[in-house]
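When the chains are written out, they are named A, B and C in that same order, and each has its own residue count from 1.
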């Protein structure tokens, strides 16, 4: 009784506060409120997008604000039933989707995209867009995209005559050569062992192929007990034993490990394409970095062109005062021009087809990887089940330091998945494997219907 | 009661009681109720699960028990060191040496700093590349690579130093107050009887200090259970299994993982633990009242 | 003090020389990090990584400017000053009134209310955290100083009422009665006569509360989310998290030094009072 009264009291107070807010403007469609997570990307790009939106939509004002802890500001807003019209935040958005708190964007996705003769849906890369489905509907759209790759020190490789490896045996012999030269082969962000997820899952995909990989992402029964996974875990541990990872790396944060890389302490680092942007201030002048996809495993069932990615998402709350405006703003944000601009300014890829026109030189290999990948995958289970993500991180740390055997590691994660499967209060999610959603081969990057003119073919003088 | 007096009582009690009832008592009682629900903290939907949160916490949550293990470590090891150190220093400083005041003032200073500041300072000290600690021990390391003190695999022992560094001064002052209350005639009489220094300490100092020591133990144990700032800040908001404690786990479940009811259940269990630990500590340390 | 005539056990046991060594070692363990902190804050990045022992070539005072401006230490410091002084002032007022009423007057429910306050000493603040968040939000006071201060008052009541009750209990009745006979009302008697007499207790309570609130982190973390309202502990924690994105270690050290300096200054001034407060509290408790 008391609890209900309390909630009622809070709601009453909040509703009273609501009435005093400027929601009238938003309800009339004249204002859009947007909340941005203030992090490495800053706020300036988003403010520009807001400004250009206002210019192309006269009579509409965009109230855009950013905060590193915008989750905490959004929480009471959601509770009071008065969320902003569009947002990007580190929130459990899948749970919000379940709870009916987010607005499904399917209708809007079928409307024309800005600046292209395509629907909004078609303007997205299909792989990333497929990660957003919850029970058949799309509750958020993917925006910034990063590919999991291996970065290397170009100058160092040239000096020593080292070649980019294409197969895993080549990779291992490269590591041996680097070791003999007295340099650490791979820097590693040991304090955040989740970084090894990319290594583990890439190895697994190369060995076992699409089916087992997606069974694992979907946390199906027994998925973590696959023999190829145990083998991949063993490979990871062997890399540590053979000294391929830098000494002392388990205690390094991501900045410290990456500093080692740009300062020449290590020849390579396993990281996403965000590396260049993240280390912008700390990279010494004259340092050249480039990247390559995880090497193929000879005899493995998985296609070696496949790559793992991670994504950011934007959402529109269902109870927002201006849902239409919020969705439209997100559509503007993800237009091809804005996507290209984001890529150029922030040195990050974007989940829009063709948004790589201005990709920096360092990111060019990543763009090629995306173009050639038979499909892409994302470790969605880390987004869906935070507990699993934590246990995975801890398990990887224990595995790499040798505290548990590879078999024990797999068993533990499987146990965690089992606990999650049994837990009635957690919703379960699923992503279709690429073969299931019928995209076929080479479907990640279908040819752009409006390709920019090739050199020599001009549109003008 | 006279009207004038009644006026005072009502007027004087009102602010305190209102603030206390609304912002302390009510939330605590709310918590006890909320712990019976499953709630994500974002929507209005909550399901009543009765004691479900508790059975899950105590029966099916290995992370909770790991966190508890860490709390047990942090309420025992630093406590033992602090008690031994504070007693030793208090005895030393009351033995008539010169500069006692200087030592007391110096040892106490860390206690007035916020735990966050202390955490920051020690994260600098522990830094593998430029930290003070590695600089101090490097001559003794004979070329081994720099020790990584905050390696997640053995971070717990590294947390002991900041805790001791911060708290020892406070308990030193506390024990000084207790020791200075003991009349020196007791010690003189004991010396006449032929007791050596250690015997004097054991049979005079300790029993007469027992009450103060009990208070210290209770404070330290409760502190070890409730510790939050050091872990949360040192682990940079990424507490993984190796450094999780109950308070940080609670915060993570409630605010980060959107399991509000569950997080509150953890808080209720924490409260029970504090209560139980206090009762046990006081019971274990009960002795005959020593009158003098 | 008469200790010199006591020749305590420990001195005899260990030999004076060894004892001084031990004492000096721990004193060094306390002082050395502080000294290191101070001179490292004047180095630039290269010097910091080069050697922990070498003094800076040239003092890089710009580290302090950097920390003050970019990391916002200046603003957080002022925020903390504001929140802490207002909180402590109100806590003392509210608690003194309550303690006085509870200890010097007999009325029904007196014991119940008193023990209700004391019971709060046992409750960990984490237990109230979540509902408090939503309650304060419901009152529209989330992310405001009014909300944070009210919360601090509520959670300081158990301890402060306890301490002040102890003091008021020891004050003689005759003085208050004399004031009443002279024509004061009860309330006037409180203000003019009894409260000034409780000064030692008020000072003790003020010091403990000041330190507690100045350094408080968890509630501030939950109640305050705006950057411009951050108190010093929040700002410091943010500084540490920022370490892993920026690379200006000198400025980080400088930021921490700037936080330590006022604490050090206040400590030097008041350490006698603080120690006396603990001592007195220990003896009465």
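Just so it is clear, a residue touches a chain if its C-beta (ideal position, glycine included) is under 8 Å from a C-beta of that chain, and two chains touch if they have at least 3 such contacts.
The model shown is predicted, which means the values in this text are computed figures rather than measured ones.
Peer 1: Could you find the chain whose CA centre sits the greatest distance from that of chain C?
Peer 2: A
Peer 1: Please give the pair of chains with the highest number of C-beta contact pairs.
Peer 2: B-C
Peer 1: Just the number, please: Cα centre separation of chain A and chain C in whole Å.
Peer 2: That gives a centre separation of 43 Å.
Peer 1: Report the inter-chain centroid distance for chain A and chain B in whole angstrom, where each centroid is the mean of the CA atoms.
Peer 2: 40
Peer 1: How many angstrom lie between the CA centroids of chain B and chain C, rounded to a whole number?
Peer 2: Here the centre of chain C sits 16 Å away from the centre of chain B.
Peer 1: For chain C, jot down the residues that touch at least 2 other chains.
Peer 2: As it turns out, chain C has residues touching two or more other chains at 131, 135, 222, 244.
Peer 1: What residues in chain A touch two or more of the other chains?
Peer 2: 6, 72, 79, 253
Peer 1: List, in ascending order, every residue of chain B touching at least 2 other chains.
Peer 2: 26, 30, 34, 41, 129, 236, 255
Peer 1: For the complex, which residues does chain B have touching chain A?
Peer 2: These residues of chain B touch chain A: 26, 29-30, 33-34, 37-38, 40-45, 47, 49, 60, 63, 128-129, 145-146, 148-153, 236, 238, 240-242, 255-258.
Peer 1: In the complex of these two chains, what residues of chain A are touching chain C?
Peer 2: Residues 6, 9-11, 13-14, 17, 40, 67-69, 72-73, 76, 79, 253-255, 259, 278, 281-282.
Peer 1: Which positions of chain C touch chain A when the two form their complex?
Peer 2: Chain C reaches chain A through residues 131, 134-135, 137-140, 142-143, 222, 225-227, 243-247.
Peer 1: Spell out the residues on chain C that touch chain B in their complex, using ranges where they run on.
Peer 2: The contact residues of chain C facing chain B are 1-13, 16, 19-20, 22-23, 26-27, 29-33, 36-37, 40, 48-49, 51-53, 94-95, 97-98, 100-102, 105-107, 113, 116-117, 120, 122-132, 135-136, 150-151, 153-155, 157, 161, 185-187, 190, 211, 214-218, 222, 232-233, 236-237, 239-241, 244, 249, 252-253, 256, 259-260, 263-264, 266-267, 271, 274-275, 278-279, 282-283, 285.
Peer 1: Can you list the chain B residues touching chain C in their complex?
Peer 2: Those in contact with chain C are residues 1, 4-9, 11-13, 15-17, 19-20, 22-28, 30-31, 34, 41, 85, 88-89, 91-92, 94-97, 99-100, 102-110, 112-117, 119-125, 129-132, 134-135, 165, 169-170, 173-174, 176-178, 180-181, 184, 187, 196-198, 200-201, 205, 212, 215, 222, 225-226, 228-229, 232-233, 236-237, 247, 250-251, 254-255, 260, 263-264, 267-268, 270-271, 274-275, 278.
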